[in-house]
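Both of the next two complexes hold subunit A, though its partner changes from subunit B to subunit C.
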Partner chain A sequence: MRREIPIAITLIVGLTMLLSNFVDVPLGSEYSLKSLASELGGWVIIISAFAVGLASVNLVRIHSNHIRRRSSNWIYSVLLLVFLVGWTVMGILEFHNPESEALRTFSQNMFNSILSSLGAAMFALVALYLASAANRAFRVRNLDAAILLGATLIMMLGRAPVGALIWDKFPVMADWMLSVPNNVGQRAIMIGAAIGAFATSLRILLGIERGHLGSE
Partner chain B sequence: MSFLQNMDRRIIYIFMLLLVSIPLIKPLGIPIEINYMTQEVYDMMDSLQPGDRVLFSINYDPTSAPDIHPQAVIVLRHLMQKGVKVAMVTFSASGPNIVEQLILPYEQEGKVYGEDFVNLGFIAGGETAIRNFGRDIIGTAKADYRGANLNSIPMLQDIVDARDFELVYVFHGYNPGVQEWVRQVQGALNINLVAGVVMVSVPEVMPFFTSGQIAGMLQGLRGAAEYELLLGQPGSAVAKMDAQSLGHLVIIFFVIVGNIAFFLEKKNAKK
Partner chain C sequence: MTFIVGTRFLLVFSLITGAIIFWRMQAVRTGKHTPQIRHINGLDAIEEAIGRATEMGRPVLFSPGIAGVTDQSAPQTMAAMEILGYTTELIAKYSTELVVSIRTPDLFPIAQEVTRQRFLASGKPEMFKETTVQFFSSDQFAYAAACMGFMKREQVAANIMMGAFWAESLLMAEAGAQAGAIQVAGTANLHQIPFFVAACDYTLIGEELFAGGAYLSQDKVKIGSIAGQDWIKVICLAMLLIGSLTATFNSDFWQHLLTK
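Coming up: the complex of A and B.
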């Protein structure tokens, strides 16, 4: 029964979500198949929100241990906990005082000057790593690498305004590469992956695939 | 030759830093051609009428913001100037603050929260949340980011599902984003979907554009710069395009240097 009940729940929920996309069947006076599917979707939202809370608790547990044991870089764990708690307290205060302009401005300034700036810095670092990696690793060792390099150069020059200054056909070539070879490859991958996902979903719904239920 | 093949990364970093910084301080004014996709999106936005309602789905966070946020800024400016009402929802945990960043200048200008724009906040649940939200907006979001019941928001009166907006504009930094909107909402409700996409995700979103499931697409910072030019209000995206051009040239330069050194070394080894 420890296996049969979860498989039955998976089958019922999966079929409800699947069929609700195609038909609507009344289920008693208040519910229909579509409203039931919507209700189940609501549960997913609640569980996901709960998972965010659970992840925070886990973070606190792991980083408290780091601090207690004075593991390497434990000072970063202190910083993380300070900001985690600080941000949570600020969020709660803001939620309970929606009219407070001061709280909203403070929270927004924290976001703009800390999170936004750090995020932009992380994004900018990619350019530096790319330049370094391009010098060290991008070698024309064989025909495949030559094709890859050629495509990369066309895309880079076709997408940056300077490319059109060098040769006005670079943007045209980049558009063609995106619309034709890229589309063909992407569609093949997407359709293949979708068929694979459908087959796996069917295996889970029918109880053939049981990995998600854990070991015996 | 091995020096050129494995150049000290600090030299590369200094090169990159200098060449990217100079145009940010003193723009070079490299002309920017308008891509047909940007023109299509601009025309679509320009055809909206005062009072029309548009939904923004903000699916990016501060790490992808440098490439996509300028798009949201300029498209929102265009819509605000036209008197279009914009509701914004996010499926990214740091999204609500990005929305607050976007609407703050208009609140200071005197536009009214709840009438001209609204922040519907973050909804957890990824693809399932997008599905439920697209099909039952009030029932899924229930309250806005500032705690007000959605039934009390004037601009959301009569809104049931995503079809009640003239169009849905998805700003895609990462998943869940455009693909989830196409799968769960566009296909089911046949809504008018427009996408703003970080440059790195353009190839994976492109098939939805050519199939017509996405009515229009802006590509990364370049798309924002082109839109700023079409609107006649060049801003931060246009200013950054010179830096992007030089950044691309630096990378290409180092690829060429590395390969010349590689071939010369191979030639010497044969001798």
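Coming up: the complex of A and C.
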């Protein structure tokens, strides 16, 4: 029963959500399939809220242990817990004092000056890592790598203004590579992945795929 | 009962797709068909990666992507859970350390259950620790930073990334490469595949990720459903051909049918 009940719930909820995208069936005078699906969506939010609690407890316990054992870099765990508690307290205070301008400004400044800036800095690292990944990937070790390097050179010369100055056909070749072989490959992957996602979902709904329940 | 406008074709196609997959699974169940699945190097490499981690005495980091279990990328997360189960069994077999990094809180209890049950089934329940599944952050880049920091500090020997990834894919893959980890990645998010191909040792492309559960378990019924997918691809190819022909002859019949 430990396995059958979750599978039955998955099947019923999954089919309800799936069918609500295609048809609307009246269920009595007040409800319909669509409203039922919407109600289930509300349940997801409630369950997710509990999951946030569980996950936060895990975070706090692991970092409290780091601090207690004075593991290496334990000071970062202190910082994490200070910000976790501080941000939570600030959110509660703001919720209970909605008219407080000072709290709102402080909260917005914390978000814009710390969280957004750190996020932007992390995203900017992608440009740096792009170069280091390209440096490794474009070493001509075999025929595949040579083709990859050739395609990249044409694409870069086709997109950079200097490419057109060297040979005016570079932009044309780059456009063709993007719109024909690249597009064909991407669509093939997309169709295969979409069918794969559908088949995986079906196997989960039918209880054939049970890895997420901890069994094969 | 009222049909939602513009979804009728999708409904019929979904029913046909489901019926074909079910038909192929039934054919395998009744012994009428014995499908074979080709080797997927990325999945075979997981054992090699864990073996290397064991030899080096360093941990294995498993990242199941940053998608949840209720959005449209959920099948990727579920496919990642299948691969996590297999990875946990290997971790138990080799007695090495596993850390699963989590971004979405609703995936946290699922990942805990998967690893706990697989350690139990492998006869090593003591290997499941509080630190085995760790919630890092629900913020995308904070999660990426936490994974990168973990890889650098712990010098992970193997980094396995399976599931839905976005802009953090290259950050994490590069951090793994710099830590000297053997890296196996898989995603169905088209725009992240080139990053994984460039930065990782093995990459599962698109549907290979979804075939993971069937491939690793070698369950004939699951492999039957993969065979069903091949039939649907043939139908998709026929539809593409019809679409191309009708567009060539300036007919909008096919376009109208698809949007019915």
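Here is the rule we go by: the second predicted complex is superposed on the first by the 157 of 216 C-alpha atoms of A that agree within 3 Å, B and C clash if a C-alpha of one lies under 4 Å from a C-alpha of the other, contacts with A are read in each partner's own complex, and residues count from 1 in each chain.
The rule is simple: contacts are C-beta pairs under 8 Å (C-beta built on N, C-alpha and C of every residue); 3 or more make two chains touch, one makes a residue touch a chain.
Keep in mind that what you see is a predicted model, and the values were worked out from it rather than measured.
Colleague: Regarding the shared-chain residue A:Asn21, is it in contact with subunit B (first), subunit C (second), both, or neither?
Modeller: So A:Asn21 meets both subunit B and subunit C here.
Colleague: Which holds for A:Phe95: it touches subunit B only (first), subunit C only (second), both, or neither?
Modeller: first
Colleague: Could you look at A:Arg104 and tell me whether it touches subunit B, subunit C, both or neither (first, second, both, neither)?
Modeller: Touch status of A:Arg104: first partner only.
Colleague: Could you look at A:Val172 and tell me whether it touches subunit B, subunit C, both or neither (first, second, both, neither)?
Modeller: Neither subunit B nor subunit C is touched by A:Val172.
Colleague: Can A:Ile12 be said to touch subunit B (first), subunit C (second), both, or neither?
Modeller: neither
Colleague: Which partner chains sit in contact with A:Met190 here, subunit B, subunit C, both or neither? Use first/second/both/neither.
Modeller: both
Colleague: Touch check for A:Asn112: first (subunit B), second (subunit C), both, or neither?
Modeller: The first partner, subunit B, only.
Colleague: Please work out whether A:Ser48 is in contact with subunit B alone, subunit C alone, both, or neither, and reply first, second, both or neither.
Modeller: In the superposition, A:Ser48 touches subunit B and subunit C alike.
Colleague: Who does A:Val78 touch here: subunit B (first), subunit C (second), both, or neither?
Modeller: neither
Colleague: Is there a shared patch on subunit A that both subunit B and subunit C touch, and which residues make it up?
Modeller: 21, 44, 47-48, 51-52, 115, 118-119, 122-123, 130, 132, 134, 136, 186, 190
Colleague: So in the complex, the part of subunit B that touches subunit A is made up of which residues?
Modeller: 5-7, 9, 12-13, 15-17, 20, 30-33, 35, 61-67, 93-94, 97, 100-101, 104, 123-126, 128-129, 131-132, 135-136, 139-140, 146-148, 188, 199, 202-204, 206-207, 210, 219, 222, 241-242, 244-252, 254-255, 257-259, 262-263
Colleague: Would you tell me which residues of subunit A are touching subunit C in their complex?
Modeller: 18, 21-26, 44, 47-48, 51-52, 54-56, 58-59, 61-62, 65, 72-73, 115, 118-119, 122-123, 125-126, 129-130, 132-134, 136-137, 186, 189-193, 195-204, 208-209, 211-216
Colleague: In the complex of these two chains, what residues of subunit C are touching subunit A?
Modeller: 1-4, 7-8, 10-11, 14, 17-18, 21-22, 25, 68-70, 75-76, 78-79, 81-82, 84-85, 102, 105-110, 113-114, 116-118, 121, 130-131, 133-135, 138-142, 144-145, 153, 167-168, 170-171, 173-174, 177, 188, 190, 193, 195, 197-199, 205-207, 209-211, 213, 217, 219, 221-222, 225-226, 228-229, 232-233, 236
Colleague: Which residues of subunit A touch subunit B once you look at their complex with the stated criterion?
Modeller: Listed in rising order, the residues of subunit A that touch subunit B are 21, 38, 41-42, 44-45, 47-49, 51-52, 95, 98, 104, 107-108, 111-112, 115-116, 118-120, 122-124, 127-128, 130-132, 134-136, 138-140, 149, 152-153, 156-157, 159-165, 171, 175, 178-179, 182-183, 186-187, 190.
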